[in-house]
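Below you'll find a set of structures to go through.
In the two complexes that follow, chain A is the common piece, with chain B as its partner first and chain C second.
Then we have the complex of A and B:
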């Protein structure tokens, strides 16, 4: 588990999502990255019900990542998060009276997983109710767990195949105390995915780009 | 009768003749009256002296008759007084009174006897029928009483000896119980019927071996009490299953040539006969049996794997031996189970000649260790306590979810290597290591210049060990240390790391390493010249590790160096090849050469500064103990004196 950065890649001008993804794949392969299977990150949204009506109902996101196949993450909107094993999904069904599944809010990012030396690159198409919303790129630098130590290296690497659309240091890392050893973990990754998903969800569907 | 002297007793009886018989004619014959003394004797005979107070009436038969009236009165008075019996001192008074009476009588008798006028004392004649007991009867009675006494004594002695025996028995019983307690503290026991069974197996430690491994606890108390109890006597004995008796071990060895399959068979390797006596204490017996069980389990596991695992050359399992070929070499690994029950000593000892010990003890030990690790793995998969909500399985698998383990980590648990695979890998490593050591040692002993030093690290992994090889020249260790190699010996490959970080992979072939070291040694010489030149103030004109010119070496490349003397007059050129050896040429200045070929072009004096031709040095004739020393001498000789 290294430092991970998740970013959105804009769809190239005049291309479809799939074409852009293919272009990215080609670039990575040219770089020397090797394809290593596929990945999937999904996110389901639950409304917290039964609270007093005065409070706005909070959202609970339950996420899975194929990178941690036995785990299940539950993130409260802007609140605490929980890592559990796969049985958590069953538990959520039992908690129907408290948390209601928002049907049609399920977001997924699926795609291929590439390895380039110490980097792990995952290029995925974000789909929401079977419509492609955008492209996510996750870059993980495996040997390091301190974001501040390897951010520049990651940035440089990302520039090599993403071109100008390189993101800034993810806010989850920026929020961490400076100078302290604050290792990145899977929660940081999932928080970034969640941010991305939320951003894409609010986005108007740019009709032409959707296949 | 209260007044003593006033009482008078008359002992005279009225003499009336008794009729003895009346004859038919009416005449009466009278018993002749007893004389006084006869009468007294008769009376006295009737007295029973042993009875005290009751017989007073007999004694006082006469006075009673005489003083009848008076006595009657007294009796009346006594009964009257006695009847209420309210008076508390009544019995005392009565006793005192009777005592007084007797005293008075005694006084009277004594005074009468003293006077001797009326009475004389005669010895009492015993009644012969009553008094005299016959001697035979006496003897019998004596015998009888003696027998009774003897019987009592005997009974006592019997009781004593019984209690002693009982004590001993009790102690033995107690010993048995305490031994059982000790056994219980170390081994699993359970009671089945009237037997106590124990568990030898490693099942509780996670073993899956199907052998039941039970032993029976026997009470060994029926020992002959009369005989001396032997020193190592133990009231508790164990009965172990017959197939676990004796001792066993796993033998692992590497064999160079593949043995003929026909020769395979039971390997009997017991050279030292262990003492197999019945008197072994139970814990020794149990430990030996458990060891046998573990060896059997290891062997069973290995043979199962040997059959299952597919390999290029299939593993052979014959009887108590597994032979597996270490890939693409001619060596094979032989693992055998040696089990001796200690019964067939005689036919075992003779045919085996003492062979050199080819055990790989490390591997044998590792096999045991791996088996136990395997047990532990089995055991820890069902470790309790277990959260009720979590799925069953290994603990780390349970934790994988909440701790968010990633793919790589999870998949690293999945791959499980069998015991046989592991041991083969270890054997390969050990073999490669020993062969590397041998290669280096043989090179070091064969080649004196340059020297090879090997520093083996003490701490190794089972699959990897490392050695540091230094190539030096004797006497010049400080300046010539260019070649330092780190050899990481793996399972099938040797990874050589140069001092500058270059990495060379060598295969397991012995020749490769040897060639590599030879080329390194030849390079070392040239490096040494280069280093020496620096120290001596010479200039390095050219240097090449791999020369492209000249004869082709069969192993590696030749290397060459050219150095010039401080004033530039001389130059030494050295070419050293691993096979062709070294060739040293010295270039002289043109001015020193007499028979220069006359040329039309270079007539001018300035051309004399041109370099002259090379001449080869007869290196073997040079003085000096090694190459670098010779070179130093040569350089010194060519350096002009200041």
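Then we have the complex of A and C:
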């Protein structure tokens, strides 16, 4: 429940995804972080059917976060979002006629969870159909609720273990400079994950033939 | 022949004139200590002087090492001599005549009931304790931490007549002072509760950064606890929770600093000035996450932002950077 930033870490030169993740773990442990279990964030895509063919079918994303295991988030990209109970998945099965599950488009990020002082760091491997696509790092500074206040602080912290690949202020925050980050929703966090997943999904399309 | 005395002591337990310490060996041991000291200082003098001049570098080094070894061996010899002598000196007898308590030493079973030796140790320990306590109290009295206008000691007779007027204030006056201070600072809201009797409990909300609970005793600040903006302030009954610590380390640190501050700002005769200074100091935390440390220039130290605010200048420092 604080300010969260999700960013992508490029795979190190000449190393595999797993090796880069191990390097990050080692750097975190050197800093003094303590491992506290694991996490998983996943995202499923649904096509909206039943609309007239003139409109492009909108994509509905249903996401889960192990940080809030009893809820699930459904959102349209850039559009409205809904926070529901975990039973929402079952509801989506019943709505098969309106929303079709795009199987094979399920993206998930799985990894370990570290705690350092008041920071929560999650380093995960992003996989799509069991092939590793990239590395996601989520840093959460729990005591603060206004992102504009603590951005410099978080950037300094991320620099200490990510090195040069420190991201800019996420676009979700740029939209609300003085606003209250509503942590109970975790909408902003999931929106950032969605952006990351979409970026990684698009990345693979020109490169590989495996589909 | 003098060495026999410690052995013979066991036979002559009641003979109080017998001194168990071997005085001759004692004086030899003292001169042994002096010899050891002089040989050790000779070693260091030699090291200080360094290598003496010879033709080749090797010659110099060899000469240096051999002399150094000689000096160290002299030290070793003196040390061994001293150990031998100290073995002869013996322990001071515990059968000294200490009036009535000396009669305790007449108990022959020394191993199971070492009463007398324990008594002596306890006595020495309590003497030392008293000495250290008097030193500590003289040091502590220099920094007076009394926060009431009471005078202890000399005016004990007059105390019932001189009632400290600042401790007994009408609640309405306290309310007025607090609301006046609340209006001074726009980004700070102060709510006053009276959950237990006449003592006021304030809930201070500072912007979107923190919430502080200040427990007062008439107009004196008694204790304070600081929690994050998103933390729960009320407990299950719906009353203010004044005991649970914050779950975040940064706010636990700020609570410690706030406690230091309320001990620092003291003026028993003018408590409203004290409350105002404390609130001004607390208000400087509105930029807790935005400021960098004035000394090292960084934002984080051990994962914590600069949590210390100087009492006079209100500048931000890390706890480990403060001067």
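Definition applied: the second predicted complex is superposed on the first by the 195 of 211 C-alpha atoms of A that agree within 3 Å, B and C clash if a C-alpha of one lies under 4 Å from a C-alpha of the other, contacts with A are read in each partner's own complex, and residues count from 1 in each chain.
In this section, contacts are C-beta pairs under 8 Å (C-beta built on N, C-alpha and C of every residue); 3 or more make two chains touch, one makes a residue touch a chain.
Computed from a prediction, not measured in an experiment: that's the story for all the values here.
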Combined model on chain A: chain C and chain B, fit or clash: clash
Chain B versus chain C as contact partner of A:157, first or second or both or neither: second
Touched partner set for A:19, first chain B, second chain C, both or neither: neither
Contacts of A:100 with chain B and chain C, given as first, second, both or neither: neither
Partner chain in contact with A:116 - chain B first, chain C second, else both or neither: second
Per-residue touch tally on chain A - higher for chain B or for chain C: C
Which of chain B and chain C A:86 touches, first, second, both or neither: first
Touching partner for A:71 - first (chain B), second (chain C), both, neither: first
Chain B versus chain C as contact partner of A:198, first or second or both or neither: neither
Contacts of A:145 with chain B and chain C, given as first, second, both or neither: second
Stretch in clash, chain C with chain B, out of 128-136, 218-226 or 308-316: 128-136
Doubly contacted residues of chain A, that is, touched by chain B and again by chain C: 1
Of all residues in chain A, those that touch chain C in their complex: 1-2, 32, 116-119, 142-146, 149-150, 152-153, 156-157, 160, 180, 183
Residues on chain B engaged by chain A in the complex (per definition of touch): 389-391, 397-398, 400-407, 410
Residue ranges of chain C touching chain A (in the complex, touch as defined): 208-209, 228-230, 248-251, 287, 289-290, 292, 298-300, 302-305
Chain B partner contacts - residues on chain A that touch it in the complex: 1, 66-73, 83-87, 185-186
